[in-house]
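Here chain A shows up in two complexes: once beside chain B, once beside chain C.
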Partner chain A sequence: MHKSKTFDLSKTGLTRRTALKGLAAGAGLAVAPGFVRYSQAQSSAPIKIGFQSHRTGIGAAYGRWYEKTTAAAIKAINDAGGINGRPVEVIIEDDGTDPGRGAEVVGKFATQHKTDIVFGTLFSHVVIGSAPAAGEAKMPYFVVSEGHHVASTKLNRYVFQPGITDVKSQIQAMAPWIAANAGKKVTQIFPDFAFGYDHRDYLPPALKAQGAEVIAQIAIPPTESSFTKYFPQIPAETEVIYHVMVGPAVLTFVKELGEFYGSNRPQLFGFIDSLEATDINSPGLEFLDGSHFWEGSPRYAQPDDSAAQKAYRAAVGIDDNGAAVGDPKDVSTAAHMFGCWETLYVVKKAMEDAGYKGPEDRAKLVEATEALTEFAEGHEHPQGPKTFNGKIHQCFGIQNISKVEGGKLKVVHKTKIEDGLYEPEGDYTTQAL
Partner chain B sequence: MHFGPHLLLAALEGLVTSAVLALMALGLSLVFGVMRVVNVAHGEFFMLGAVLAWAISTAISGHPALGFLAALVLAPLIVGAVALFAERLVLRRLNYNPEATIVATIGMLYIIQQLALTFYGPEARPVEPPFSYRILLPWFGYSGYKLSVIAASALLLAATWFVLTRTKIGLIMRATQYDSETAQAFGIPVDRVYAGVFALGAMLAAVAAVLIVPISQAHYLMGQDPLLLSFIVVIIGGLGSLRGTLVAAVLIGLSDGIISVFFSPTLAKIIATLLVAMVLVFRPQGLFGTASR
Partner chain C sequence: MKDASPAKPYALHLGVIALLFALSFVLPDYHHGLLARIMVLAVFAMGYNMLFGYVGLLSLGHAMFFSAGLYGAGLAVIHLGWSVPAAFAAGILCGAALSLVIGVLALRTSGVAFMIVTMMFAQVFYLVILYFASWTGGDQGMVVPQPARVLGFGATSLDLTNPTVRYMSALALFSTVLLVTLAVVRSRYGRVLVAIRENEERTKMLGYDTFSNKLAAVVISGTICAASGAAYALLFGYVGSSFASVQYSILPLLWVLLGGAATTLGPMIGTLFMYYIVDITSGYTSAYLLIVGIALILLVLFFPKGILGTIRQRWLGWLP
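And now, the complex of A and B:
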């Protein structure tokens, strides 16, 4: 009866000689140069982060800057001793900004690369397509997507968005400003997929609460290359055009809007997504002067930037105009990519809280992330302070409303965290791990 | 917006689409008509034209019109050379076998697309229009450049038409199309005609791309939609019939513009595809095509 419980050392093949060899090798590694930094760790194997990147497809501009920001954050984390004393390694796989491919990439990270977590997805349809694969593989999946899908609690317990506020909260926080300063009759133009539907669904009630209304909603496929044909649908009595576009043709979208209206235009309130990675001083965009944009984090350096914000910009390598240092034409996706930096620091905090050692501790990591409540502004969170709701896996931060003035974006209003809080729609923590 | 101006805008948008589509579909139709090759890589020659236009116009400093004009001349020539090379290297070795060339051009599609992705990158990059004049109508503004695209395309189409119907080169091409064996017996170098036609087809696609790129930016995936539309146009117009291609391009372009403006762009695509199905069922040779001999 007791036989199955006994453990016979002689049968494991561990001889005195191999034990000595192992000890010697371990000692040799410990004194090797560069190893000292991680010497407290029980295991010095790197923590592997699978980065699901939009390297190709319609999200390529974001993918490139998400990679740059991630590389900068990982360098900062490793220079400061890594996570739990272990170095962090990023493995990048391209998802082609495609939901089907996204799910395959998550599977590849789980079975082939055996990463500790998966991270970094932006486009909402890719997140929604990949989330079931992450849940199935019990793989913590940290997205930087902005969509409301995580907070809606319609995904699963392994999906988190701790680095960027979701669209529903952004809209709720900004609606009072739009109604008070831009106009009461709003026409919406949005991309015809999940991310756009968040705007379609949450703006009308948010504006209604402020005594304004959405009078028309125009959906445009994100792969569209010509936009003038949609503009006659904008009602003549429109006071504000609320626009948010994504995809490779965003510059065409804004240019054609300018051709259509010229300077005789309604007020414009746009999500900077409509011009992310695009120079606002491109020819044909002069009509944008005086219009307003949402920015998650400001593209242009502001006079009141914190020391942390300045250090973050320097680390990522963007100049005061939000373009790559040394290449003023290479404009960043500053309004979104800060989320990669902040998410990686949340992962670090949660892994340290959980005493994370390896994939067997993934459930502990999920619980430790859910236990987080607040992120203070600083080096780890340069965009600003945030609160985190562990039940819906979503963080809430401040939003910036910027005005185009003299070819730059100047922040004219910052919302408060409380402006964007809403009743949770569910609770992930009740789901089994 | 009132019905009149609304229709005007729809017609203008439709004409721009028609103009570009006609050039591109003409290339596709010519290649099929003369060589009996279904060139699936045609959209990638279009994309290559746009990407080269970006490269050439950014390499030339000074007024944007200089770079654009250089692109308008050089990009089609380079694309033509690439097509010529592909024809010599691949299609000729397959003896222009219809089935084999479809598979081969699918391969070419991926090779060109992936090379563009590797060397040009996944970003959409803008090309500055040679001039940016905004025409102010009482109801809306419209890009002057877009109108010039319609004019330029009409000129190029007329030139192609002239070459095909009034010159000796055109006569040789038509003879080859009509009966390549007899043409060969009369001393026409059919082999060289094929090479020239394939290059010319690719150049027409490249010209269309250079014209459209200041409006819609160069991107490595931009060849897919125009390829589909070109096939729709060529099937409706009749494979190999140039007149049919032109009529169908204007028809599809205008209906796309008008249906997109008044209803939705998705509906426009649905109707175009439905039209193809109808044509294939009731008139398989296309509106202007002749039944195969």
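And now, the complex of A and C:
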């Protein structure tokens, strides 16, 4: 007799009673504790994100706001169903803004907390110090640093920066506006360490391409607390002073610059990094009135803010002046912290594209992230639209130029994405996973 | 007075090495990785202890010797493409040469002046690293590429980024330095160093050239610290100026004080203790340094000679 190898329901004599019995048995099995655990492990166990936070050390002001923004983004993602139907859980470890501890923290996420990814680092030296540990653990490492180190392709295939543009791109995008609106002869004043060197190295060629020039570069040692002696080095024909001083000395710097020039000063252009988490109306900063700043995302609410931008600000809890709701003195790091929000949505998209289930899919997650090309402006990307170059693991977006006016920063120009594009310096995708 | 039998101390030290070897097979991944790092940094503390514990010279500039090894090895790989053994040797040589020069200059002073002079030299070293940022990576530092961190033996090779290889490499360095330190402090030379610490004038009167002996101690100390720095660069893949900052001159002092100055195993115990107290408390509060501070105060109150120093004083007088 021929035995069919297929199962034909119509020939099994299945009665309603046996079907119900089967269903009841199935339901019983499904609610059995062991089965529930198994089922959850497969489908609803949380996705764990290790947040390498600068809770202490020089980056603490940024770290606090990065945590707030991350918490808001995670709440929004979980409220909307999580990632691949699974809730997202954030585990925070303090790296003390120290590269040695940073590497240990990445190791801790990989081997103790067993997180799916590591995320959130800002300070460049911590990113560079931690990157080898991430690469060795094959741990996708999504940083929100704005340093050029990721795009330089000097790190490794597991390091990404998809939520904030890098400083080389930012500087390049500023040059056309400076040359056309502020002046053609530029003097740079910058701190004598790596953050300053990015500006020292990338601005001159960018300005030259716009028919302007850097006529003097004044590097100020990081240990300096008084700046008056450097100001005579500023050439008299200077039309624009481009300043990127950071740290607590910035208030003194601005005050002394004001005393040096009085009311007859050249145009001033700066990066808001100098004044993140600092009230623009602090005593001594009056001299900045009428000057211009780069901002990644505007600190002050703007009349033409999109609905997405308004919703983002409300979710994070910042008021129209960019300070914490209910505490006007707690000024945010608005120009950078949006990167946490946007990066987490990139992670969500990449995990969904990869069908990510757990750490065994980390390589798939890397490839899925590299395959991303564009992020449309909206709820997930409130700062603006972006493109992503999977070969150098870096996004490119618009930049804001804001004028200090009436004690607020008013956006007067938005650059185009193309203004910040440059030739890739390498290709991470050629590295083995 | 004749020394007690060497059997006990050597058995203890070999036992510690055997224990660390055995731990490699039972420790969970995270603690396995952390212990590798602790062993490398304990070597730094052992180098510091050589000078501070046995000669009584308090330096606040040992970060420069650690970073001489760190950059000597790291930059040799990054810029010159040298192999791991050659880069490691380069790091050690940089530390030895630097410590010889610094020793000749700084040993013209003593006490507080020695502290300040070593700190100033370390600060100069730190600023030199920042000044030559195009070579050193400045304050951001540089990554030692993963493919270059391989130890070749003919046709076979050992990947230093592999956790087991890394642990065993760290253990090999730690064991070598531990046994060398033990041999040095038990030798006639070690006795002279202790004599200098206790009464330099009397040692001079006995006919010893204290300057030469102290200089040799500075060089041994600096070279051990450089070996630790070179191993750190090659095993963990990062060189950065933060390792040359004053914080990394104070850390080995703390580790040694905690574990017990002038004890061979104290630096390891101090490093281990500090690492774990930071690691555990930082998981609960961002004010973990406050807890670390309180722990240090309690230790000073109840273990004024450090953990092993107090144990030696109260119970085990034979501890080296």
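The rule is simple: the second predicted complex is superposed on the first by the 349 of 433 C-alpha atoms of A that agree within 3 Å, B and C clash if a C-alpha of one lies under 4 Å from a C-alpha of the other, contacts with A are read in each partner's own complex, and residues count from 1 in each chain.
Simple rule for what comes next: a contact is a pair of C-beta atoms (placed from the backbone, for glycine too) under 8 Å apart; a residue touches a chain by one contact, two chains touch by 3 or more.
Everything quoted here is computed from the prediction, not taken from an experiment.
Within the superposed three-chain model, A:P424 lies out of touch with both chain B and chain C [touch as defined at top]. Legend: residue contacts after superposition of the two complexes on their common chain; A:T228 is shown touching chain B, with no touch to chain C.
Judged by the touch definition given at the top, the superposed model places A:G378 against neither chain B nor chain C.
Once chain A of one complex is fitted onto chain A of the other, the partner contacts of A:E93 are limited to chain C, with no touch recorded for chain B.
Applying the stated contact rule after C-alpha superposition, one finds that A:A133 touches chain C and leaves chain B untouched.
Once chain A of one complex is fitted onto chain A of the other, the partner contacts of A:G183 are absent, as it touches neither chain B nor chain C.
In the overlay built on the shared chain, the residue A:T56 is in contact with chain B and with chain C.
Contact with neither chain B nor chain C is seen for A:G85 once the two complexes are overlaid on the shared chain. Contact with chain B, but none with chain C, is seen for A:P283 once the two complexes are overlaid on the shared chain. Contacts of chain A with chain B, set against its contacts with chain C after fitting on chain A, overlap at residues 55-56.
Residues 28-30, 32-34, 37, 130, 133, 137-144, 146, 161, 236-238, 240-243, 279, 282-283, 286, 288-289 of chain C are the ones that touch chain A when the two sit in their complex.
By the touch rule above, chain B contacts chain A in their complex via residues 1, 6, 9-10, 13, 16-17, 64, 117, 121-124, 126, 128, 132, 134, 136, 140-143, 215-217, 219, 221-222, 225, 257, 260-261, 265-266. Remark: chain A residues 55-56, 93-94, 96, 98-100, 103-104, 107-108, 110-112, 124-125, 128-129, 131-133, 135-136, 147, 149, 154-156, 192-194, 197, 222 touch chain C in the complex.
Contact residues on chain A toward chain B in their complex (touch as defined above): 55-57, 60-61, 63-64, 221, 223-226, 228-232, 236, 248-249, 251-252, 256, 259-262, 277, 282-284.
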